[in-house]
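You will see chain A twice below: alongside chain B first, and alongside chain C after that.
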Partner chain A sequence: LSLAAPPKEPVLMCRSNNYPKGFYCSWHLPTPTYIPNSFNISVIHGTREMVCEKNVFPKNRCHIRYLQLFSTVKYKVTLTVTNALGKNSTTFTFDEFAIVKPDPPESVVAKPVPNNPRRLEVSWQNPSSWPDPESFPLKFFLRYRPLILDQWQHVELSDGTSHTITDAFAGKEYIIQVAAKDNDIGTWSDWSVAVHATPWTEEPKHLTTEAQITETTSASTSSFMPPPTTKICDKGAVVGSGAVAVCWTAGLVLAAYGVLFI
Partner chain B sequence: MAAPDSSSTSLRHRDLCSRGIRLAGKMRSDVVDLLDTYVERQGLDASASVAAVEGLPVAAVERWDEQTGTQRLLENLAAYRAFRVLLAQMLEEQREQLGEAAVALCQGLAAVLLQVSAFTYHLEELLQLETHGPLSEETALPPVPSHLGLFERKLWGLGVLRELAQWAVRSARDLRQLAKPSPSSSSASSPVDSP
Partner chain C sequence: GDSWGIFTFLCAALCNLPALPALNCTEELGTSQSIQKTYDLTRYLEHQLRTLAGTYLNYLGPPFNEPDFNPPRLARAERVPSATVDLDLWRGLTDNARLAANYRAYSLLLCYLRALDGQAATAELRHRLGHFCSSLQGLVLSIAGVMSSLGYPLPAGPSAPPGTLVAPNDFLKKMEDFWLLKELQTWLWRSAKDFNRLKKKVPPAVVTLRLEARGF
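After this line comes the complex of A and B, so read on.
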């Protein structure tokens, strides 16, 4: 059996994720009352009372259109909650710029860069709720780390919706997120959905080559043994920039042996 | 030749807009720093309310998205010409004060005044390019209130700097609107869609 209670002071927040169109306020009660409550919200800007259009869903939210921009006059939002046992209210006063907080960037994609074992290419899009990114451009904050480490690397970007990470650890899976903020005002968005990516790594081609030679020469009476003067291509000689290191001396010798056994 | 002229005009317009946006951004950053210094040195509460001041250009605007390019430039120019006078007055008053606090404020005010003057000149160039005509003379500005007590003068200064910070943000937005390609730069831009 739950005891009905009068409402405690409601929790109220206001935010503009679609500046300069407007802002919304949403609220909730910190503890349930177990009986129906009604909410009344008033929004005052200077001497003007503004209309807060209630949402169908979620119910505890309403939207206000900006009638003025660039005002130094504060907004005052008062929320009153009433039920059969009492009422309570809270007031939130704020500047136009202070509540501007975009939604996180969307469609974050991270891809390896072919032949580049230390690079990852990241791209994203402006949040679809931000109405005019051309006149109200966003800047971005990218964070990334290998899964095996706890410390994030951060990059702030004032232009564009892509970035190439150039210092990734080769072969390690990375987790990457992006946040957005209006270029001039407000606060950073929440972090985007995390994406994972691993930088490009080269296939071990020299092992494949030796295996193939061993197969083709298995019919001969002597096993293949490179002459002592042959330069063997080792892993360290493979350049990470993507150029395939070719050991010409070994190549010529192998070709010569190949011809002998045809 | 018409084509090269309009092309070079267009390039100049784009260049002035992008430089103006950078100037406005730097100015805003310095005004915000100056505001912090001012509040601290004058012993004020940062959240203090300031009554409306006669002669102070207010950045607040209705139907901002419907303004034409020329309207934007004219309002910006009138505002910064007024700020040039107001900041000069503030600077003169600070110079009469003694002490380290006054010196720090003087330096900050002088730096911002220089930027406001540069931005005013920049707007004048843009407006001449936009309207292809001579600029209007500066209209006489209302006198700075002289009857205020010491505390009221401090609040008045706070109001000036706050409004200047808002204008710097608005100016960057105005110039970005101006920089958008349109068939005619003097025509009204389309209103923002309803939510």
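After this line comes the complex of A and C, so read on.
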């Protein structure tokens, strides 16, 4: 049997994922009261009281349209929760620019590049909730790592919705995610849904020496960290015999490391 | 009382920005590069302002340096044209109007900040304000350069600020300073968006055509 309780101070957050259209606020109670609660939300901008339209779904959320852009005056949102045993409230005051946080990028796709064992081609789309990427462009943050390693590689991109990874370990399955942010204001979105991809490899009977060596080294402890020699291969982004020779050298060095650690 | 009289005089003296000569020879550089440079300047200034505002608001003391400080705007003539604008109106601005709005705002803001610098009580504040004013002047000149290269006339330089209120007390003077910094911050946020839009609308090819047309 649970005892009915007056509401504790509610948790309130506001966010603009559709800048410059408007923002939404959502709330919840930190602990249940076990009796019905009613929520009242007020939004004050300077001297004006604005109406936050309650969503049908999800519940405990309301949305509001900006009447003006680039405002100097803060928005003050007050949420009051009431039930038969009492009431409680919380307030959140913020600048228009501070709550901008897009939704994560959509339709993230990662594909191997034929005849390129170190490359992965990643593409994505602007989140559909972002209404005007032309006037309010987004920049992106890409992170990727092979499944066998814990350390992420990061790339920040100020333009475009695609990127080619050129330093992937041959034959290794990668996990890739992308995040978005307005070019100038606000905070980064959550990470997108993760996608997996493995770079192109030749047919098994023509397996390169490097691939065989990395197969051996992957059997060692998970704390194996890639030596900085991988940077040599970065410079060899142009696929040519010279670059391949350097990569083979790096592969042999990897083998030496691997043997040391086993 | 006295300090406001000096303030008005200083502003009138400092605000006669020299008229810029038409920048004929640098047009080949590309207006889009100038727009990019102006955009970069607004981002740099926005970053610099964070430090400057922090220092200045701490100097003003509470409640001005409290993060949630949200005072009502006193009903009076605004010193600087506000960055706040209706969305559709903002979208529909012509390039000329957009640039002119930025130019006017920063010219006035520079003027007011120079006055603040003149009154600054500590060496640290004078140093920061002085540095910021130099950078802000760079921005004003950069905007003027873009307008010139696009063939737009520069708006008339700011005269002495109209209807300057004599602040009856120290607290209200501090409020004025607080709002000045807020306006500046908001303009810098807005300008990033303004120059983003201009970047898209003025590709290098357009500038080349314009130059050729003017030559004949």
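We take it that the second predicted complex is superposed on the first by the 203 of 262 C-alpha atoms of A that agree within 3 Å, B and C clash if a C-alpha of one lies under 4 Å from a C-alpha of the other, contacts with A are read in each partner's own complex, and residues count from 1 in each chain.
Criterion: a contact is a pair of C-beta atoms (placed from the backbone, for glycine too) under 8 Å apart; a residue touches a chain by one contact, two chains touch by 3 or more.
On a predicted model such as this, the values are computed, not experimentally measured, just so you know.
J.: Quick check on the superposition: with chain A as the shared anchor, is it clash or fit for chain B versus chain C?
T.: Aligned through their shared chain, the two binders clash on chain A.
J.: Contact-wise, after the overlay, does A:159 reach chain B, chain C, both or neither (first, second, both, neither)?
T.: In the superposition, A:159 touches no partner, neither chain B nor chain C.
J.: Contact-wise, after the overlay, does A:76 reach chain B, chain C, both or neither (first, second, both, neither)?
T.: second
J.: In the overlay, answer first, second, both or neither for which of chain B and chain C A:131 touches.
T.: first
J.: Kindly classify A:203 by the partners it touches after superposition: chain B alone (first), chain C alone (second), both, or neither?
T.: A:203 contacts neither chain B nor chain C.
J.: Which partner does A:18 contact after superposing on A: first (chain B), second (chain C), both, neither?
T.: first
J.: Please work out whether A:63 is in contact with chain B alone, chain C alone, both, or neither, and reply first, second, both or neither.
T.: In the superposition, A:63 touches chain B alone.
J.: Now for A:47: first (chain B), second (chain C), both, or neither, which partner does it touch?
T.: second
J.: Give me the intersection of chain A's contacts with chain B and its contacts with chain C, in residue numbers.
T.: 20, 67-73, 97, 134-137, 183-185
J.: How about chain C: which of its residues touch chain A in the complex?
T.: 43, 46, 68, 70, 72-73, 82-87, 90-91, 179, 182-183, 185-187, 189-190, 192-193, 196-197, 200
J.: What does chain A use to touch chain C in their complex?
T.: Residue positions touching the partner: 20, 46-47, 66-74, 76, 93, 97, 134-137, 183-185.
J.: Can you name the residues of chain A that touch chain B in the complex?
T.: 18, 20-22, 63, 65, 67-73, 97, 131-132, 134-137, 183-185
J.: Provide the residue numbers of chain B that touch chain A in the complex, in ascending order.
T.: The contact residues of chain B facing chain A are 25, 28, 50, 58-62, 64-65, 162-163, 166-167, 169-170, 172-173, 176-177, 180, 192-193, 195.
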